[in-house]
Amino acid sequence: MFVSGRVKYAVLVIGLVAMAAMTVPGLRAPWITAALWVCLGYFAAEMALKTRQSSHFGRKPPYLGSAEFWWDVLGVVPVPLALIAGLPPEKAWLLASLWILKLATVVPGLSLLGRIIHLEARPLASVFVIFLIVLLLASVAVHLAEGPGQPEKFGTLPLALWWAVTTLTTTGYGDAVPETFVGRSVAGLVMICGLGVFGLWTGILATGFANEHRRREFIRTYELVTRVPFLRTLDAAGVIELTRMLRRQDLAERSVVVRRGRAGDCMFFIASGEVEVQVEPKPIRLAAGSFFGEFALLDGAPRTATVVTTRPTTLLTLDVTDFHAFTAQHPDLARELEAEAARRRAPVKDAGHIVNDADAAQ
Amino acid sequence: MFVSGRVKYAVLVIGLVAMAAMTVPGLRAPWITAALWVCLGYFAAEMALKTRQSSHFGRKPPYLGSAEFWWDVLGVVPVPLALIAGLPPEKAWLLASLWILKLATVVPGLSLLGRIIHLEARPLASVFVIFLIVLLLASVAVHLAEGPGQPEKFGTLPLALWWAVTTLTTTGYGDAVPETFVGRSVAGLVMICGLGVFGLWTGILATGFANEHRRREFIRTYELVTRVPFLRTLDAAGVIELTRMLRRQDLAERSVVVRRGRAGDCMFFIASGEVEVQVEPKPIRLAAGSFFGEFALLDGAPRTATVVTTRPTTLLTLDVTDFHAFTAQHPDLARELEAEAARRRAPVKDAGHIVNDADAAQ
Amino acid sequence: MFVSGRVKYAVLVIGLVAMAAMTVPGLRAPWITAALWVCLGYFAAEMALKTRQSSHFGRKPPYLGSAEFWWDVLGVVPVPLALIAGLPPEKAWLLASLWILKLATVVPGLSLLGRIIHLEARPLASVFVIFLIVLLLASVAVHLAEGPGQPEKFGTLPLALWWAVTTLTTTGYGDAVPETFVGRSVAGLVMICGLGVFGLWTGILATGFANEHRRREFIRTYELVTRVPFLRTLDAAGVIELTRMLRRQDLAERSVVVRRGRAGDCMFFIASGEVEVQVEPKPIRLAAGSFFGEFALLDGAPRTATVVTTRPTTLLTLDVTDFHAFTAQHPDLARELEAEAARRRAPVKDAGHIVNDADAAQ
Amino acid sequence: MFVSGRVKYAVLVIGLVAMAAMTVPGLRAPWITAALWVCLGYFAAEMALKTRQSSHFGRKPPYLGSAEFWWDVLGVVPVPLALIAGLPPEKAWLLASLWILKLATVVPGLSLLGRIIHLEARPLASVFVIFLIVLLLASVAVHLAEGPGQPEKFGTLPLALWWAVTTLTTTGYGDAVPETFVGRSVAGLVMICGLGVFGLWTGILATGFANEHRRREFIRTYELVTRVPFLRTLDAAGVIELTRMLRRQDLAERSVVVRRGRAGDCMFFIASGEVEVQVEPKPIRLAAGSFFGEFALLDGAPRTATVVTTRPTTLLTLDVTDFHAFTAQHPDLARELEAEAARRRAPVKDAGHIVNDADAAQ
């Protein structure tokens, strides 16, 4: 419980709010300092715990010396050092802002974003060079045009550069505004270039993101597909093809997957977790590796039972259109599926009730 | 008529304009208050009607307790409650702004957008974390650099955070502008980061939107394709393939689909609605499930009759290039289509006039 | 020459500059008014000419009553009407700004953009509704938070709406800036929502543009492919496949297509226009329908002759990788191409010189 | 070393910083001028060196008269000319800003960006025309609405145009802000149009970038694939297919490619460079054209040796999923790969140690 995510986030938020409060003279109070020390203590204790756990269970790579370790050190050490060095507390505690870097280690998609920036480094650098060229030439032009009229705002090149940055990024503070015809014409060009630079930037990141995202989704779904026993009869090309059709769906505990009486437009494979098919007299539980919902696709009938997850579950969903496309090309699988469906129907009818929509795969 | 869309929108617009007028001392007038009460009355009456209709026709899920019901309650109840609680009218009526949420229930694409945000939650959260990290670290840096010089604008961390938000989003109010070299350098970095964050955000949403949109379009077109009898001879893989080629086209009543004498570059399947082929002596009507325009593709001749919709109609359009690609791979369908075309030509010539461009499919 | 594009654009630019000058008291002069009348006269004369030409050549749809006609009327009629109605000249001539709408009729891509907006109307409307909901709720929140402190800036809902529009679009004039903690928190949320709305908007337009662009490029290239005699032996599926591989290239007169001695990584089909192969003793001209550059792909040798266009020419380019992929799947075409290449080499050697890189197809 | 990239960049940065310092009266100093002259001297010396080298080695196109030559002239000649012409030094040295154009010649992706702008010229021009139309009509409307109230800000059309540019690009300086109801309504529309124009712009550039990027990546990977002897047995279609699956990876010297004991999810082909497989008793070196890492895919076992690059190396990576998809369709290659793997395992066992993860291809 001690190192659980929620507590950590709460401590982080409290710590950062307290740090912000420290900088406001009216809010500064002993209990604010106390809260900050408590947060620092929590992070130090967490570090100690991680160090001990790391030494007990030798399987994982060691914590000491890892990247995570150094992020944690950056959270714990600087503030006391700054206080010892004699900085006033409201300055020293600003180093607690490094705590926010802890977020970077828990967010799953950051490595994806890092990878995109790495893959697209060349075009991103090209756009940045365009940005720099426009920036410098615009600064010189505006410095020449506006310098004589507004020397305190455009009189030196660094001042003109400041104006050019705020304009090219379309931030537009309005603290320095050209007033001559030439200056305003240059400014108009710079703004339009800003839109173009922005568009290129966005285009590069969007393209990179789309490519990387597709690849990762494919690999993750592929891994899940190989866990479904029923699909092991497929050859490699068939698995690849099916992987492209399936969608992953992560459901929390007690989520309703299908509802009795609704139209059925997809079937489900359970990649991990467990679901409960609510049939009379007793619900049936289906474990990872099972599938359900195929009757609705074979017969076009509405769902005949409600299905609910019993724990966090990952499902692979196959749409009715993809189902028909795939079974048309893999008649063996289609026959096997229908055989399985027939087998499922039979014993259920014997038992005097109908489970039309779910059963466990052997 | 009472609950029709147009009246509802008119009431909504009048109500919101009246609410805005209430807040302007010069415009506040008894008839403004009257207009607001009329709008509130309309929404209350609509609720009552919906409740009664819901109890009469039991097929649909009940209105009472549904999400729509609670949205409607949010429009009707708060203002009277606030007036009873003693708020001055110009404050109480501000709660009428909740009426705008009624728009959310009628816009078709909102569920699509919600789905994208759900599917892309992880990368969006990652970008948001980057946003937060840049925000906090930039605030601390600018607070340190600019705090001594402009204490009333950067003297506390919350003030610096406000500046960082307006800068990172490239809003740039200009109420707080760094003046030192360090502060301006940080600001320049923050603006460029802002463009990057923006680009990533846009890339994620664009990717998600493209994927979801493609999938939905496919499913909707697939459903329409299965309604065309002529295409029922296709196997599942052929239907999938054809679905990828067809484009849906929603036409209002009396729209001209093809014009006599124009070049024909596509043929049409009627998914729903009805069209009229304007031939002499009497126009021919084609119902849903029919197709027309295939002669222009088979012969390369111009359209020989004008075709007009007689009611709101959904057509599926097949371009000439896709037509040739598809019939090359499905010679059976091509033969059938030519047979059908020959049959169509024959009786028409007997009747002494030419219907070259449309006929009903059996 | 009279109605040629360049003269028209020059008249347009002069007219608009003169109109802008009319509004500046210091620049207003008799010759400015004269210039405006000349421009108006030009547009009126153009209209008269178009009307007469339209009656002479009856093939095209009539000019009178067409959309173009009404655009032209909008350019010619309003200014004189306004002057007759007694408006001061500097106001009346502002109607000359309607001249800029003439640009809309000559830009080729506007119909493409109009089509995208039409196709994506639903999701665009959804994002607009989100925009409106955020706008109104943010206005009410900021009106409540900031109204008491800054009544002249947030005291009424219309004032708060103005602030919300400038903030949500990240324009950020800075004329109204929230100062309370609640107001600034709402503002921060609004800015982040602004980035999100922007991202969705961009995503929708990018997706629509990509789809429509791909479809149009395909159709235009397909039309050009069908004009190359050598490719007529391909079946429909082959033409489709090749169309996906080819890239259109529009070249001006006297452009160099390939340069002798350079590495050859593609071959060319001439869709329209003409090229000159610069070989000794006399250059050879190749007309539309011919192809050249195939030796470099078959042999991997450098280009053996420079090829230059003799008039504006449209080429279809086939990359070496696509060339191998395509000929691997269409051995007939590959054989025919090699036979043609052999035939080309032979007579050239007889004539005592080598044309290795281009020849006319029969 | 003299013309190496790093020194050049350092000189460039020092020169530009010195130029900026020249414009600040307080910083202007003799050593600043000296630094600028040194930088100018460096660029002149570089030009002289390039000219001499160009005459020595005649293979490359001549430097004199090339585009690069003229960029270099633009960096060296203007400043002395301006000083001779009698300009004050702080003005004359502003021409040193042309040095930044040297960046344009070294950035690899600029030609890609230029190509996109060339290919998408038509739709970009269309959006620009929309931009101009909105700009002019908005200016006229705001000039009419706000002119009487704020003559010094909206009294002439050029002033109104300036406001329209800053608003349509969402820059929003705030130096001119409409105050009437009509003016603010127009402004709101302009801002929303700004978002739309921006979105279209981004969509066009993103689409163009994605298309061009995909094509270039394909061509570059294809070239590398043809350098791997083992893959020469593939037919053209197979090479194309494999090229679509492979990812290029550029590694610096001494980068770790795979680590012993880690799970193996891909195999590698060496396109250029060299790697070292760290096995006992002596590491094995693999040159360009070899492949390694296939055992992990065939057996599913963890990596059995660490592999490190010995110089800058380009690898082609084949993911496990793509590997299975490809070998399923090319059983010949799969058999050959397994034969090769068996051959690799055998002699290694004889030698008394196991190289399970890498070996040279013959």
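In this document, chain identifiers A, B, C and D correspond to the written order of the chains, with residue numbering beginning at 1 in each.
Keep this in mind: a contact is a pair of C-beta atoms (placed from the backbone, for glycine too) under 8 Å apart; a residue touches a chain by one contact, two chains touch by 3 or more.
Please read all numbers here as calculations on a predicted model, not as lab measurements.
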Subject >> Graph distance between chain A and chain C, where chains that touch are linked >> reply: 1
Original post:
Comparing each of A-C, C-D or B-D with B-C, which pair has over half of its contact pairs in common by residue number?
Top reply: C-D
Original post:
At the interface of chain C with chain D, does the proportion of residue numbers present on both copies reach over half, so same, or stay under half, so different?
Top reply: different
Original post:
Rotation angle for the CA superposition of chain B on chain C, to the nearest 5°?
Top reply: 90
Original post:
CA centre of chain A versus CA centre of chain B: separation in Å?
Top reply: 26
**OP:** Could you put a whole-Å number on the gap between the CA centroids of chain C and chain D?
**Re:** 26
Subject >> Interface hub residues of chain B, defined as touching at least two other chains >> reply: 158, 170-174, 198, 202, 204, 206-207, 210
Subject >> Sites on chain A touched by chain C in the complex >> reply: 170-174, 202, 206
Original post:
What does chain A use to touch chain B in their complex?
Top reply: 16, 19-20, 22-25, 91, 94, 97, 100-101, 103-104, 107-110, 112-113, 131, 158, 162, 165-166, 169-175, 197-198, 201-202, 204-210, 213, 265, 319, 321, 324-325, 327-329
**OP:** Could you please specify the touching residues of chain A with respect to chain D in the complex?
**Re:** 122-123, 125-127, 129-130, 132-133, 136-137, 139-140, 143-144, 155-158, 161, 167, 170-174, 177, 181, 184, 187-188, 191-192, 194-196, 198-200, 202-204, 206-207, 210, 218-219, 222, 235-237, 239-240, 243
